[in-house]
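You will see two complexes here that share chain A, one where it goes with chain B and one where it goes with chain C.
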Partner chain A sequence: MSGLYRNALTWLDERFGAGSVEEFLRHKTIPIHRHSVWYYFGGMTLFLFIVQLLTGILLLLYYRPTPNDAFESVQYMVTQVRFGWLIRSIHSWSANLMIFTAFVHMFSVYFLKAYRKPRELTWVSGMLLLFIVMGFGFSGYLLPWNTLAFFATKVGTEMAGSVPLVGKWMLIFLRGGEEVTGATLTRFFGFHVAVLPLLATTLLALHLMLVQQLGMSTPPGVEKAIVEGREQKRIMPFFPNFLLRDMIGWYAALGVLGALAAIFPWELGTKADAFAAAPAGIRPEWYFLFMFQTLKYLPSKVLFIDGELLGIFGFSAAALVWVAMPFLDRRIGFGRTTRFFTGAGVFVIGYMMVFSWLALR
Partner chain B sequence: MKTAVATFLVLMCVLGSAGADSGKNSCVDCHVSLDDARLVTPAKLFDGDVHHQAGLTCADCHGGNPQDDSMDAMSPAKGFRGVPKKSAIPDFCARCHSNATYMHPFNTKLRVDQLSEYLTSVHGKRLKQGDAKVAACVDCHGVHNILAVSDTRAPVYPTNVATTCGRCHSDAAYMKDYKIPTDQVAHYQKSVHAAMLAGGDTSAPTCTTCHGNHGATPPGVNSVANVCGTCHVFFAQLFDKSPHKDAFAKMGLPGCVQCHSNHEIVKPSDSWVGAGPDTVCSTCHAAGDAGLQNAQGIAQDLGALDHAVKQADTILDKAERAGMEVSNAKLELAGAHEALIKARVDVHTLRAVEVQKVTDPGLVIARKANQAGIAALQEMNFRRKGLAVSLITILVAIAGLYLKIRQIESKPQV
Partner chain C sequence: MSLPEIPEKAGEPGRRWVNLLLGGGLAASVISFFYPAIRYIIPPAIAESTSRSVVAAKVDELKRNTGKIFKFGSKPALLVRTADGNYRALTAVCTHLNCTVQYRDDLHQIWCACHNGLYDLEGRNVSGPPPRPLETFEVHVQGEDVVVTRKA
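Then we have the complex of A and B:
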């Protein structure tokens, strides 16, 4: 087996220079310290993205993106197609797990200050990837064309429409018209299977390239402890030691996905009816809940500004600040942590959790 | 300028005094200041009366001159009619209410046939015969505080009718001389009709829906089916074509009421039909006769479909709770539910063969849905087993990876 592997590698090396990749992997190392566990969430998010890609391709074989066929095609998939239910449930559960691990990855990078020089662009590309992943969630939610998705999309796109000057244009761009119709479904399908994957793949390539180029960041506190001799510098080869550990996590994630799909198959609901009344207690996916709840609490007018509009601007500004964090938290460096920014991170997590909980009550 | 102001003031005085005269009502002014509550109450109550709201005054009913402050206002010479006797009340009200020309300016939809209907009623006939205990207009509608029928506080508003009728008809002492039951309202309150009315459905029947309001009369034996059929049209049509139609007529039995009772009309049950001693069929049919055999056939078909539908419902609900997608099977099962409803209606044909025509296709649908439920639960078990196998495989793979890591890391690093 080893001989076959060697021969294959040599064959590839002669044609593509694959040996250099192997050489790179052999020399790539991962720092070991008390926070190393957070390194696995990036790989886990990547693994779930690949699961999304594969199950998404399989769903495409049966899905028909028209208002007349979308619901029925998903229904056919989950009732008639062998293992169709499994593929659909894994796609839905994996989407949610991927967003969860992406958030964990983002916050771990934030608190370990891994965005500091020279990894500013890694952070920015990662943040953009997170937004794209949320875009995947928003666009994919409508595709089964069920009642909840229909009305959630209506509410979601209405929010975009309330932005001054460009709001109307954005609403029509997203919906493909004034209302949520078949044109919206086709458009969201296009975003979900073509536009967003293209952007995600490009950004992912850039993100991974930067990670390989710059290596894993060691937290400032650990760096300082090593220099001061309080801690010993330890490393682990990426290949195969770290990769094998990564694979354990991936296998575990696969097990969790399988269990969720088998025990809690993703609900299909009832077919969307534009003329039906909006169901009671309608709310978006869990990762949008904190924003949804904030907008609900805002009064209709704050001074002379529309409350909802203020909320949207507030979140947009907060997102911009968050993306620009490496350029704002400039004092962070060797052995130094910036308490204000760490506190801001704790506040953001607390805010998201409390407001999501309030929305779920 | 002075001339103009003076002219304006004179005009205002003239108009003001004219207005004061036309609004004067010496009846109320005087009656509210009296000590006798019997005389004060009408004047006080009249403020909320629908007639007052329509612009009428005491004099419009009682006559007299409301502009006159003296006792002459109540002089018969000035048209004062006073308080009518009980026997005169229907004609007293009908002076206006039977006059279409007078009534239509108030509301073109108002009926003007109340008196003629009333005279056909048991109440009207007995009143004519001199029985002052029977109900006349004011006994149901009230007097001096009469409210529109559409007013939820009115005693004749649908939800209040049974109580209004019950004031006399449930009073055993009051009704003693008439020798009729006094438990109608108590029975009615237990009926499905009363429950619907209590639930807010004002179209549900109350006393007047079946007995008539102004022409209140108990429906005769021959007309019961017609009365019920005004709402339950399809049932009445089936009953008319059934063998019971002629048989009941010959035996002098009322139609619908024979099985469903009159006032205590409860939700019917499949158990009413059949050959058992507790069925309504056995109250007339003798054991072993053709009618009872027919009833037994109907009961079996209904029971079989009801059982099959419940079984399919249970299994599909169970599968749905387990997260299985069974919406198509549930949609199809709705056909069996409809068949069961239709079969229960077709019971009124009193022919087993007619009922079977509906229950048989319903059974096919219900059994198919049940099979879909069983298949869904089997699929769920398959998934659970598949999950167990997958998890074991994954655990083995994880254990293998763990051992591999240990093996790699146990070697001395170069």
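Then we have the complex of A and C:
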């Protein structure tokens, strides 16, 4: 087996220098310390993304993106097609778990200060990926064309529309007209299965290349302890040692996905009706809840500004600052942490959790 | 065989002209590629429904203290029969973020489920996030029909 592998590698190496690819894979090591568990969440997010890709392709075999057919095609898929319910439920559950692990990954990178020099661009590409993932969530949510999705899309696109100057243009661009109609569904379908996957795959390649090139970051606290001799530097090769550990996690994740899909199959709801009132208790997906709740609390006017506009500006500004964090957190360095930025992170997590909880109450 | 000498170097007037023409031509073709694409992205405007009135319900359809969503042009509208038997008609599109409102018989008010906005029966935004009142329409009973008309 090993001989065959060697021979194959030699053959490829003679053609295009495959040895350098193997070298590229092998040069990364994983630092082993008390925070090492957080290193698993990036790989887990990647795995769930691949699950999304595969189940998404399967859903495409039956889904029809028109207002007359969309709901019925999903209904047909989950009631008539063998294992259709499973594929759709896994796609929905995996989407939600992926957003969750992406957030965990992002916050762990934030608190362990892994965005500090030279990894600023890895952070920026990761944040862009997170926005794309949320775009996937928002566009995919509409595709079954049910009541909840219909109103969530109305509200979401209307928020984009209230931005001064370009708002109207963005609203028409997103909706494919003045109102949320079949035109919107067609567009969201295109975004969800073509535009966003292309952007995500490109950015993902960049993100992974940067991670591979720069190696894993050791948290400043651990770095300091090693320099001061309080802790020993320990490492593990990424390939194959850490990757095999990753794969155990992925295998478990598949089990969890299957169990969730079987025990809690994803609801389809009722078909969207443009001439029905928004149902009581309507709310967006959990990862938008903190923004949703903030919008509920904002009064119609704050001084002379529309409340919702203030909310949108607030969140956009916060997101921009968050993306720019590696460039703002300048005093961070080898073995040194910055308490102010850690505090800001705690505040952000606290805000998101409290407002999400208030929305669920 | 010696190659003929190139008479002008970069930065000289002749070369500048060539660069300008090349660059200008390239810019013009880029614009001509993108302009149609951008115009294509924005869909053509659909003519607003010109009908000024619509039959919203039959006379015996609505009980007192209930409401009904009906289609007025391309948008949903709300017909309310108040507790004392009068009719009110308003647009059903919430002025906050575009959700469709409904009549709450327990509050005798118009409620938006999305962000908890409240309007009174005159369409005035009373509480919650809505920034503006709802547009109101005129209601006439003509024989068996409840007819809703846009105000002039």
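Keep this in mind: the second predicted complex is superposed on the first by the 360 of 361 C-alpha atoms of A that agree within 3 Å, B and C clash if a C-alpha of one lies under 4 Å from a C-alpha of the other, contacts with A are read in each partner's own complex, and residues count from 1 in each chain.
In the analysis below, a residue touches a chain if its C-beta (ideal position, glycine included) is under 8 Å from a C-beta of that chain, and two chains touch if they have at least 3 such contacts.
What you are looking at is a predicted structure, and each value in this text was computed from that prediction instead of being measured.
> After the superposition on A, what does A:Ala259 contact: first (chain B), second (chain C), both or neither?
Once the two structures are laid over each other on A, A:Ala259 reaches chain B alone.
> In the superposed arrangement, which partner chain does A:Leu268 touch: chain B (first), chain C (second), both, or neither?
Touch status of A:Leu268: first partner only.
> Return first, second, both or neither, reflecting whether A:Tyr251 touches chain B, chain C, both chains, or no partner chain.
After superposition on chain A, A:Tyr251 lies in contact with chain B alone.
> Comparing chain C with chain B, which touches more residues belonging to chain A?
More residues of chain A are touched by C.
> Pick one for A:Ala160: touches chain B only (first), chain C only (second), both, or neither.
A:Ala160: touches no partner chain.
> Touching A:Glu179 in the superposition: chain B (first), chain C (second), both, neither?
second
> Quick check on the superposed pair: does A:Thr79 touch chain B, chain C, both, or neither? Answer first, second, both or neither.
Touch partner of A:Thr79: chain B, not chain C.
> Touching chain A in the complex: which residues of chain B?
Per the stated touch rule, the residues are 323-325, 327-328, 383-384, 386-387, 390-391, 394-395, 397-398, 401-402, 404-405, 408-409.
> Which residues of chain C touch chain A in their complex?
Counting only chain C, the residues touching chain A are 41-43, 46, 69-71, 74-76, 78, 92, 96-102, 112-116, 125, 128-131.
> Where on chain A does chain B make contact in their complex?
Chain A residues touching chain B: 75, 78-79, 85-86, 240-241, 244-245, 247-248, 251-252, 254-255, 258-259, 262-265, 267-268, 270.
> For the complex, give me every residue of chain A touching chain C.
151, 154-155, 157-159, 162, 169, 172-173, 176-179, 183, 274-282, 292, 295-296, 298-301, 306-308
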